[in-house]
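Two complexes follow with chain A in common, the first pairing it with chain B and the second with chain C.
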Partner chain A sequence: MFIEIIDVIISGLINGSVYALMAVGLTLIYGVSKAFNFAYGSFYSMGGYIAFLLFGISFFNNYLIVFCLAAPVLLIFGFFIEKLLVAPLRKRDDWEVKVMMITLGLALFLDNSYQVVFGARMKSLPSILEGSFEMGEFILSYQDVVIFIFSLGGILIFRWFLNNTRTGMSVRAVAQNPAGAQIVGIPKEFVFAATFAISTVMVGMGGILLAQKYFITPAGGWDILVKAWVITAFGGMGSIKGGLYAAFIVGMLEAFVGWYFGMTWTLIALFAVLLTTLAVRPQGLMGKWG
Partner chain B sequence: MEHKRITVFLAIIWGVVAILPLFFGSTNFIMHILIMCLIWSVVASCWDLIMGFAGIFSFGQVAFFVIGSYSSAIISARLGVPPVFSVFIAGIFTAGLGVLVGLPCLKLKGAYIALVTFAVHMILEPVLKGDIGRALGTGGARGILTIAPMNIFGYTFTSSDPIPYFYLLFLVAVVCSVIILMVIKSHWGTAFLALKDAEEFASCLGVSAFKYKLMVFALTSFLTGMIGGFYAHYVGMLSTRMLGIDLFVTLMIILVIGGVGKFPGAVIGAFITIAVNEMLSPLGSYRPIILGGLVVVLVLALPDGITGLFEKMFSEKKQGLSH
Partner chain C sequence: MLKLTNVTKKFGELTAVNSLSFTVSKGQVFGIAGPNGAGKSTLYNLISGLYPFEGAISFNGKEIAGLSPHQIAKLGISRTFQIPQIFPSLSVEKSIGVGNHFGSREGFEQDYVDKVLEFVNLHDKRHAMVGQLNLLDKKMIMIGAALATKPEVLMLDEPMAGSNAKEIIQLMELIQRINRDLGVTIIIIEHFMKVLTELTEKLLIIETGTEICCGDPVEVTGDPRVIECYLGDGT
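Now for the complex of A and B:
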């Protein structure tokens, strides 16, 4: 019983850390450009499929190389998707609905392209690190530890980027006041595209990390989109700190509900908690209106 | 668009649809597609009313449709209510749920509302498949396989002879679109626009956001649930596959093609989309790719849909005349 609870806590922590990585990406786009990206889950699968392709080539058969190659691909992809699909819509009054629609169309396009190209069967990636740490009944696989460290590392790098680099600071400036940022000479359009690209990288990395545990399927991204969405709304859309807390709360909640009531109840419990939170605090845990 | 032009536009559309069975009546397959067009035109019009006019990003329209169809099937099977009445009971039940979903949405904005309403969609599948659903009679993962066909005054509408059912649904769709038209024309429509454009200012002037938002939730979910009931009694079987993302996106394409907030557009969009969707079906697994690509291209190229295109043509003509 005691060991089981520790297991549940650890799995909650690990899932929470990966959710944090992905929710921070989603909340970033919303916070900076007020656009909601429905294709976010498809970008998650895209990360997994890129890694799967690279692992097919024996020369790249190493996680470090895969990360180094997948990141720029995702970055460029995200940048151009924003420039080509989202940016032209920004001029319109009702661009928020239009962005939701266009990204939903993109998601359908990408998911079914995966299905045609890679087939509907589940794909798996090799484990990043074999073996496990054992102490009596308590087992902790190294794979989980590495996933946890990589996710936290990703968030820390992202934090460093936001606080210490020029691009990161301009991202924060645009998030706080788009008009003011433009007046002092920050290229707003570029920042929008850059945040979209960064969030694509984050969710794609999350996809590679989680693919070793949960497989890659063409429509697997929807689950992730819903979870990232719930987490961002729970933590407050646009609030990165809120998203971080919310991700770990959701990870824990999911682990405990799944262990105690069964996996079918996790989604229901998630939405019940979300609705209660939003009923009391419509702006989420740490969100601000506006 | 002006109200007068909407009315004329709508009359032309329904006039054309009314005579379609003269040409296609002999082919059951095409009649089936036309019936589906009628059903989706109602759902899409409701979605347009709530999203385009009232400005509420409700993503629960498919969920309300499924709730309506399941509840009508269960009510008619379990309680022995004739399908004619069970569709209305299902509509009222769905409207109740719609108000329940609308309540938390009153305090929320934008993408949050989309999330809460989409949550209904996401939860529905585990609920229908799970123990609660099975206890209510949803048949779990298998779905409901036998649903009594629609029956009015002893006359049974069967799917082997679709023309009578087509006209029944035609009547329903016309009534629904007239209701929506009346809502848009009345002070409701003005209140929706005011709340959408400047909520704070509108409520200062005494437009109750609480009342109108709940009303639009109740009305759209009532109509959607009712048409869901008609759908259930037509196809005769239900499963949770309807909750897949394909149907949701199809509905969205209808709105994209028709134009968001351009009312009769959703009706035209429904007919075009469902017909094109059927024509693409020989392409198999490439079809959703094409549909997805189509959405992307259409949103960029035709942001106001076909109705927007018409409007542009009309306004250019007017300008040309005034010169």
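Now for the complex of A and C:
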């Protein structure tokens, strides 16, 4: 029993760390541009499929190379998608609704494209590190340890980027006050595109990390989109700190509910958290009213 | 330096700015006044690139229509807002530093940020979070962030609003020092006529987006059309 609980806690921490990496990206977009990105889950799948393609080429058959190649591809893709599809809508009335609709259309287009190109069958990636650490009945796979370290590393790099780089400073300024930011010389439109691109990289990297455990499917990103939004709403819309706390709470909740009641109950538990949050504290853990 | 020619802005049926033309010379303190809803802040929004408009605005001979707000800031036109537009979760130093990082054509200079902090009297609060400060400090931060862009023209939108008599004197002294010591041209929207007559060299009065009169502040404030515009015609 004790070993089982330790296993569940570790599983919750590992899932929470990957969710944090992905939810922070979504929180970032919402916090900066107030846009609701329905294609976020499809960008998660894209990360997995890019890795799958690269692993098919023997020269790139290494996770370090895959990360180094996938990150710029996702960054450029995210940047141009924002510039081509989202940015032109900002000048129109009710642009938030239009952005939701166009990103929903993009998600359907991408998911169907994955199905056409890669087929409907699940794809898998090799384990990032084989083997496990064993101590009596307790077993911890090295793969899980690496996923945890990579996710935390990603979050720390993101935090460093926000606090110590010029672009990071502009992102924080636009998130806090778009009008004030642009009149002191910050190119708001570039910042919107940059945050969209950075969030695409974050969720895509999460897709590569989790594809080792949960496979890649054309519509597999919807589950991630739902979880990322539950975490974002639970943590407080636009609050990165709240998103981080919420990700670990959701990861842990999912692990315990899955262990105690079975995996089919995890989504129900997540929605129960979302509904309770909206009813009791609509601004989320760290969000603000209004 | 800054020249507006037949500038017009319509929002649907409403004409917010109606064929306004005036010139602000280098080093001048230029005042703009008018009743609420006269189009004063809209005029600032047009000059700073927030809205498109009809007519022409040129700065140092360069047409600025179609430029985005950050490009106009880089050209040397900075502004403040009536309600302080600040970055609540940044420190005072970083909030002012943002202006220098992105708005200055010479790039980031820590020495200049330090100088601005001294200038707006916030050097002791440089590490404080902006959101925790009082209204006067927030106004000073907004002016500091605008100054950090090294502007040639600074447009102040009702800087005295919500201030007490002592704070008004502090702000007036600051505006005079910005103009005199830093050589920055000032355009100021204000309701306090005393402030306008003491600070400005030229005063423009507008009502419903249209010029009522423009000239020497003392003469303008005594003009019957201006008195009527503020107090009505007595009928």
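What we mean here is this: the second predicted complex is superposed on the first by the 288 of 290 C-alpha atoms of A that agree within 3 Å, B and C clash if a C-alpha of one lies under 4 Å from a C-alpha of the other, contacts with A are read in each partner's own complex, and residues count from 1 in each chain.
The rule is short, and it goes like this: a residue touches a chain if its C-beta (ideal position, glycine included) is under 8 Å from a C-beta of that chain, and two chains touch if they have at least 3 such contacts.
Everything quoted here is computed from the prediction, not taken from an experiment.
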item: Partner chain(s) touched by A:Trp160 [first = chain B, second = chain C, both, neither]; value: neither
item: Which superposed partner A:Phe261 touches (first chain B, second chain C, both, neither); value: neither
item: Touched partner set for A:Ser170, first chain B, second chain C, both or neither; value: second
item: Which superposed partner A:Phe138 touches (first chain B, second chain C, both, neither); value: neither
item: Chain B versus chain C as contact partner of A:Ala181, first or second or both or neither; value: second
item: Which superposed partner A:Phe80 touches (first chain B, second chain C, both, neither); value: neither
item: Partner chain(s) touched by A:Pro282 [first = chain B, second = chain C, both, neither]; value: first
item: First (chain B), second (chain C), both or neither touched by A:Glu189; value: second
item: Chain B and chain C contact sites that coincide on chain A, given as residue numbers; value: none
item: Chain A residues within the chain C interface of the complex; value: 166, 169-170, 172-173, 176-177, 179-189
item: In the complex with chain A, residue positions of chain B that touch it; value: 51, 57, 104, 107-112, 114-116, 118-119, 122-123, 126-127, 130, 245-246, 249, 252-253, 255-256, 260-261, 285-286, 288-289, 291-296, 299-300, 303
item: Residue ranges of chain C in contact with chain A within the complex; value: 48, 50, 68-70, 73-74, 78-79, 81, 85-90, 94, 97-99, 101-104, 142, 145-146, 148-149
item: Residues on chain A engaged by chain B in the complex (per definition of touch); value: 30, 36, 85, 88-89, 92, 94, 96-98, 100-102, 104-113, 115-116, 219, 222, 226, 229-230, 233, 237, 264-265, 267-268, 271, 274-275, 278-279, 282, 284, 289
